[in-house]
Each structure stands twice: as structure tokens, then as C-alpha cells.
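Input: a single structure, listed below in C-alpha cells.
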Amino acid sequence: MKLWKIRVHQILNEADTRPGLIYEYILFGFIWLVVTSVALESVRTIEEHYGLLLFIIQLIVLACFITEYFLRIIIPNQPLKYIFSFYGILDLLAILALSSVFFEYKLHFLVVVRILRFLRVFKVLKFRQLREESNALLNALKQSGNKILIFVFSFVLLCTCFGTIMYLIEPEESGFTSIPKGIYWCIVTLTTVGYGDITPLTVAGKTIASFIMVIGYGVIAVSALIVTSEANKHLSEEEKVSNTQTCSHCLESDHKDGALYCHACGNSLKDV
Amino acid sequence: MKLWKIRVHQILNEADTRPGLIYEYILFGFIWLVVTSVALESVRTIEEHYGLLLFIIQLIVLACFITEYFLRIIIPNQPLKYIFSFYGILDLLAILALSSVFFEYKLHFLVVVRILRFLRVFKVLKFRQLREESNALLNALKQSGNKILIFVFSFVLLCTCFGTIMYLIEPEESGFTSIPKGIYWCIVTLTTVGYGDITPLTVAGKTIASFIMVIGYGVIAVSALIVTSEANKHLSEEEKVSNTQTCSHCLESDHKDGALYCHACGNSLKDV
Amino acid sequence: MKLWKIRVHQILNEADTRPGLIYEYILFGFIWLVVTSVALESVRTIEEHYGLLLFIIQLIVLACFITEYFLRIIIPNQPLKYIFSFYGILDLLAILALSSVFFEYKLHFLVVVRILRFLRVFKVLKFRQLREESNALLNALKQSGNKILIFVFSFVLLCTCFGTIMYLIEPEESGFTSIPKGIYWCIVTLTTVGYGDITPLTVAGKTIASFIMVIGYGVIAVSALIVTSEANKHLSEEEKVSNTQTCSHCLESDHKDGALYCHACGNSLKDV
Amino acid sequence: MKLWKIRVHQILNEADTRPGLIYEYILFGFIWLVVTSVALESVRTIEEHYGLLLFIIQLIVLACFITEYFLRIIIPNQPLKYIFSFYGILDLLAILALSSVFFEYKLHFLVVVRILRFLRVFKVLKFRQLREESNALLNALKQSGNKILIFVFSFVLLCTCFGTIMYLIEPEESGFTSIPKGIYWCIVTLTTVGYGDITPLTVAGKTIASFIMVIGYGVIAVSALIVTSEANKHLSEEEKVSNTQTCSHCLESDHKDGALYCHACGNSLKDV
């Protein structure tokens, strides 16, 4: 491998080094630039006035993305590995999406997928602390995978049942024109989002709706309350333990409530 | 009992065996199929174009359900036990509901009750881990039954009181046309769903509404905050505790609680 | 005190005894009856058809309430103590409110205050378990009184500031016609209720609104996430500790990570 | 420094002393007065009737604020330190904002910034307990700074992606007229606020919306559920652990972890 190849490889992939880190920041800048330009272009008034400027920005960024893509293919010994990797496909999609600025379709908005590359941030992170936190969170997610599965499953069951019932009860005027709409409404209500585009009008519908809301809120509120009072109970128990006797023999003071003999040396606690 | 009876019994009831598990999956497939077909039928445009197809699917599933129901009655020695069990009644209801496709009523939508059979999933689950998680959750629910009772009771009290007050304060135009509507609005607000179909218009009404919202949010937010700072306090205390004794020999200070000898050099900690 | 007085006193006040408990249940029945009748009367269609029936029910309940009130005054030696107690005032208010059925005002709806007597449920509760739970919750609330104070204070500050800013930014059409309305909107948003009767229309307003929403959601979500990962970290730490060495001398197995000597007997762990 | 200067300095800055505390309360009174008067002035009907009264109140408070500002500059030896401190700038801004009552602009509403001075409450607090709580909360916030960073970052990523997708999927009629609006809608939905000013109309849009809602709710609900069942598991484990060793002498079995002697009879537990 030639020296310039090693150099470019280092810049592209090794965010630990200084040039690699700088490249990383520039890349992030470019991505935000193109995402912002695409977002602004979708606003009609801005598009009318600054359309050309945004078009030029997108062209420049497109050129940079293409250059980067080819460099990433040319440099390593196994180009296929990059092409079929998650980030490789993402980069290609972003280029294809952005290329559509030349055509009629408004698919270039999809360049937004490239911000998913920001997920790399979690890998690149220099700060050891942040990396650990991130791992702790992911770990917590993984360890509780089964609980999440049960949760989602119960959620789907509940929404299907109540969505159908609401469709049967409510008249057409209230917006429950089909079962899928009922299920959609049930999700909106159970998650406490509550748009208000579909709302029950009959007494029976409102009663069931109230019931669903209380479930949705209760899952969070009751859980929070249980944990709180549990935490406080735990705290007061600990305080109880720390207020007890001290052994006159070995000066051990952390005894069980109602202990008669020191658990460390066997001396009687009462003799004191 | 004849051999085929034993075989069918195994398929129908013993999800531990291979054929039982396959049957289980097929049953789930059928239930989702009929629920989806019924849900799609409720959408007018789909019903107009694919009505016949959906009708045929429902007929086939109905035939399968009836076959299964009779098999479940014929096979065991005590057929009554199944008929009056929770799942037996559920299955019968599903068949009756689905049978209404031949009549004018749109009751066949109620076949959706059969997805409650999916609750069996929790019992059938092969994966020991998931079963334990499920039990842990149910246990947590059972242990805190009283807290939930208090919660629901306070909730009802609060909603009744504030619902009445809002009815008295607000004019008819704002939607508070009766006390039950006021209670409904109170539930919508307290659970932070907030449809917006009924909203207070007067200053007094808005003030009370703000108060209710803060309660609804506070129950969750304050609980969450308390637990968080409690957890952090706990953490820092633990760190403090582990820094107590210092070994006089090697100056190691991070010993276990109640350690008698230094874990780094074996010197007695008590001799100090 | 005569025997019948003792008897009545027992019924009215001692819910521990059998007659007292029965009276308690009957009283609760009456309160729910009058609250329900008053709630139904507020619905116009029901009032038109069953107005007389509801009126008679309210008359009967009123008679019972008055009888009970006088009995409670006559029986004990210190009648003033009851009259000026919380429940005494509540009972009087309920009677006065209900008396207004004879007049033009619709104040009899206020009889609903009497359901606050249900708060006594928490005191009367026969089940020791539920009483403890209730105390644990109240205790948790009391212990964290200061945190709640800080929370409410920060909440008020935030809403006042952002409410004013939104009033200055947003045009009249979006509903922010005065600062109090801005504050009201801020409370609706921060608590994630979101009626949608007032919504920002300008870009700046939407940006600030997004910011407020993220705060409102973040307080709950971040707290919940922190506690979760903390709980998991704690769990995995415990697992680490329990997978370590066993001392060959005293068979103590619960050593610190990387311990060289047994903390219980001082024997070298490496020699094993 | 002259005596009156020392006196005034004490009043202005030392909230520990009696006069300082009184001054503190008066200042708070004035701030609330002007904030309330400004808030009321923004309500048109009140402004028409009591405009002059509110104007006079604001003038008086303005005079007081200016007096206080100059006193704070004159008294100490380093006036610049106060002028460029956070509270100094805040006070100046409040005076400038309030001065605009003489002009056409409605900037005097900005006097509301002065309530940020209430943040000093946390510093001034006499009650040691409340100060500790406040510190615990701030500490918890600081320690979890990284988690919050990850949270906000993921939040932004999610909203940008889904906002763009919704813009591409939904027709103009549903309100998704630009990508920024899509992002705004996504924030409103993910935080479970749900105004309902922009709602999806297509089936695909509703499906994605449901997905976003479940994420928004799931982050809180799943976290809460995990912690709850974790707390309960922990509780039952603790009970298990304490039932390990049994004393051979008195058969007491509920010993502390690591106990060497029975706490009930003093017999050695190891001899067993």
C-alpha cells in the first residue's frame, strides 16, 4: 500500500488520530449542511427565493459524497466489505437520493438517511465516560429485551380489541369509520398523545375511552409511585439498621435489629 | 382412548411437542388472518373491491374453528371442563360472532375476541427466560395490588370533584354540558391525553385545568425525579462506605464491609 | 349516657364493629346514589324524562343526611367538636348544597363535596396491609415535600417566562392574545397534555414550543432511563461479585474483585 | 466604608440577617407585582379599564428597581463585578424593558426576565434540608449529563428522519407542507403532547405515526416497568439471602451476611 493510501485510509477510518478527527467533524458539517438545505428547500417561500443557492450547495455536497465514496472503495484491500456494510449502503443511498435533484422526483429529500451515519458518533466517541454510558444504556435495553417483547405484545392485543369495540359502538360521525382507524385511535389514546382528530361521541364510547386512558396513564404513574415508595421504604429500613448497638468487645456496631450477641466476636450485647 | 385420539389430543393441547407447536403456530396464523380480514372489511373501499375474497376467507376460517371446537369437545374424557373454561367460552363466542357473516348484523367483527387466546402465549412459551420475566411482571402487579387500588380510588374521587366544579364554572359553549362530560374531560386532562374536544374558556376554568394538569404530570415527574436523585444518593453513599478502613501494612483502603483481613496483603485489619 | 345513645354512637363512629361497618357501607351507598343522581340530572335529556324521580331521590337522601347530622350533634358530649371538624363542615355543606334543589340556583350539584367523606375510607380500612401501603405512600410524599416544592417553583418560573415570550412572538391569530393565555398554553404543553386549542403558528414560536415539549418529556424520560440503567448496572455488579473465588481455609466465597487474601481469615487466595 | 453603607450592603446582600431577609421578601413581592401587572395589562379588557392603575404600578416599581440598581453599584468597592454578573445584567435588562412603557413598543413585558432572580432563592434558602435536596437534584443532573446528551442526540436524529419521511408520504392537506413542519410534528408526537393541528391522513402516515407514538410512550413505560419489577425482584432476593445460615445451638436462621456468631445465642456459626 502506497503512503498516500495509508494516509487517506487513516483520515477516513481512524477517528483516533488528529487528521481523522478533523475529517470526521468536516463530514458531520457537510451532512448537517445538506440536511438543512434539503429541509429549507421544502419550505415553498424559501425555495422560491434561495432555490438556486440551495441547489448549488447540494451539488457541491453531492460531489464531495461521490469523491468520498470512491476513495472508500479504492483504498482498502477488500472494497466489497465496505460496499455491503451498513454504512456503505447508507452512503450509496444518500448519493442516489441526492442525485435526484437533476430529475423531477423529489427523492433527494431522502438524503436525510445519511444522518444515520451519526450513529457512528457512539463508536467514535473519544470520551471514555460517554462510551460507557452508551453501553450501559444499550445493555439495559438488551437485558430487558423480553420485557419489551411482552410489553409490545400486550400493547398490540389491547389496541386490536379496543379498536374493534370502539368501531362497533361509535357512529360514523365520530371518525371511527373502520377498524384500522379504531386501532389507530386506540394507539393515540393509550400513549396519551391524544390528537383529538377522532374522539368518541357516545356515552359508551367515552366510558371505554376513559378506561383506556387510565390504563395508559396507570402503567406509568403506578409504576413510578411503586418505585418511589419502595425507594423510601428501603431508605428508612437502612436508617433503622444504622441506629443500633455497639459491641463492647470488638466495637462492631452494624448489628441486626434485636440481636443479642455480636455477630463478629460472639460477645453478649446485653451485658453492655 | 384410541391412538388417533391421543395423537389429536397431543396436537391440540401439548405445545411442548413438535406437532403441538406447529399446530399452535397455524392456529395463530388463522386468528391473525381472520382478524385482519375482518379489519380490512370494515374499510369501505376495500370491502367494495375485495368483499367476496374476504367473505370466503372468513368462511374457511369459520369451518376450521368449528372443526377445532368439536375436536376439543370429543377428544377428552371430560368435555364439559373445556366448554366452560375461559378458552372454551372464548372459542364459542368467536364462532358465533363469525357466523353472523350470513346475517345482516355486523357482529362478525367480534371474532376479534379470539385474539385473546393469544394470552395463552404466556403459558405456552418455550423460552424459560421469557416465562420468568412474565411472572416477575405479574408478581410485581400482584404485590402492589393495594397501591393500585388506592391509586384508582383517589383518581375517581378527584375526577368526580373536579368534573362537577368545571361543569358549574364553565358556560355551555365550552362543551361542559353535563357533569358526566365534566368527569370525562377531567380524565382526559389528568391522564395528559388532552384531545381538545372540550376545553375550558373562562379564566377560572383554565386555572383549575392548569391545576389538574400539574397534578397529572406531577405524579409521574416528581416520582421519577425522586427515584433518580435517590438512586444517585445511594450510589455516592456506597462509594463513601467502601472507603472506610485502611490497612496499616499496605495502605490499601478499599475493603469490603466487615472485612477482618486486608484483601491485598493479608494483614489483619483489626490490629490497627 | 343512655343505652340507645351508646348504640347509635357505636353505629355512627365505630366502623370496627359489625353495625358500624354496615352503616358505613349504607352511607357510601347513599353518597354514590346522590352523586350519581345529581350527575345524571345535569344531562338534559335524562333530566327531562326522569327529572321527578331524581328529585325524589335527592329529597330522600337529603332527609337521611339531615337526620344523620342531628344524630351526630346530639349523641356526643362535645357537639361543637364535630360541628367544627373537617367532616362536620363537609356534611353541613353537603346538606346546604342539596337543599338548593328547592330554589332556582343549580348549587345542589355541589353535594358532590360529600364524596370527600370517602377519604375516611383510608382511616376506616379494616385491612392492615392496605393501611400500611397508604401510609407508605403518604410518607413518601411527606419525605419528599421539599423536592415537590422545588419542582413546583421551577415549573412556575418556567411557565411564566416562556408564556410571556410566546405572547411577544406569536401573532393574535394563533390564540396567544394575552400573557395569562401564554402561561396557560405553556402549562398545557409542558405537562404534555396538548389540547391544541392554542398552537404556535410562526417558526420562532414552533421552535420554542419544541424546546418546551422536550423539557416536559425529558424530565420524565431521562429520569426513567437513568433509573433503569442504574438498576441494571447494580444488577450486573452484584453478579460480578458472586462469581469469584473461594478461600481454601475458611470457605468464604464473597470476596472483592482482585482480592489476594481472604477478608475473613487472612489466608492467601492465590495459594489455591 | 461608612456605617449606612455597611447597613445597606447588609440589607441588599446578606439574606442571613433579619433586615436582609425582610428586604428579600419585599423584593420578591415587587417582582411578582410587576410581573402580574404586566400579565394583566396584556389582557385587552383589563387594560381598557385598569390601564392607568397598572401604568402607575409599573412606574413605581420601575423607580424602586432603578434605586436598587444604583445602590447596588454605589455600595460595594468593586461596582463592575456586580454590573457584569448574571444578576446585574438581569436587573439592567429588567429596568430597560420596563422603561419601554413610555414608548410605543410593548417590550416592557420582558420585565418578566427579572423573575429569574428568584433562582437566587435556591442560594438564599435558610432551610438546610431544602438546600441539600436542591443540591442532590443538581448533582443527579450533572452526573447523568452524558446520558442526557445521548438522549437529546438520539431524539434529534429520530425527529429529523421521521419528519422527512412523513413530509414525503403525506399530502399537503394534512399539514405536512415542509420538512421543518414534519420535524415539528414529530416532536409534538414523540413527546406525547399531540396538539392535533397536524395529523396524518394516509394509511402509511398513520402507521408511521403509531410507531413514533409507541416509541415515545415505550421509553417511559418500559423503563418504569423494568424498574418496578427490578425493585420487586430485589426485594424478594433480599428476603431469600437472609435465610441462609442456621445456628446449630438455637436454630435461629435469620443472620446478617458474613456473621461469624449467632446474634441470638452467641454460639459460633462456623463450628457447624
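Going in written order, the chains are labelled A, B, C and D, and every chain counts its residues from 1.
Everything that follows uses one rule, which is that contacts are C-beta pairs under 8 Å (C-beta built on N, C-alpha and C of every residue); 3 or more make two chains touch, one makes a residue touch a chain.
Since the model is a prediction, treat every value here as computed from it, not as a measurement.
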Between chain A and its twin chain B, rotation from the CA superposition, multiple of 5 degrees: 90
Most distant chain from chain C by Cα centroid: A
Intercentroid distance (Cα basis), chain D paired with chain C, Å: 22
Cα-centroid distance, chain A relative to chain C, in whole angstrom: 32
Residues of chain A whose C-beta touches two or more other chains: 133, 137, 140, 144, 147, 180, 192-196, 216, 220, 224-229, 231-232, 254, 264
Chain A partner contacts - residues on chain C that touch it in the complex: 133, 136-137, 139-140, 143-144, 192-196, 220, 225, 227-229, 231-233, 235-236
Touch list for chain D against partner chain C, complex: 35, 38-40, 42-44, 106, 109-110, 112-113, 115-116, 118-119, 121-122, 127, 129-130, 133-134, 137, 140, 144, 147-148, 151-152, 155, 180, 184, 187-188, 190-197, 216, 219-220, 223-224, 226-227, 230-231, 257-258, 260, 270
Chain C partner contacts - residues on chain B that touch it in the complex: 146-147, 149-150, 153, 157, 160-161, 164, 167-168, 177-180, 183, 189, 192-196, 199, 203, 206, 209-210, 213-214, 216-218, 220-222, 224-229, 231-232, 235, 254-256, 258-268
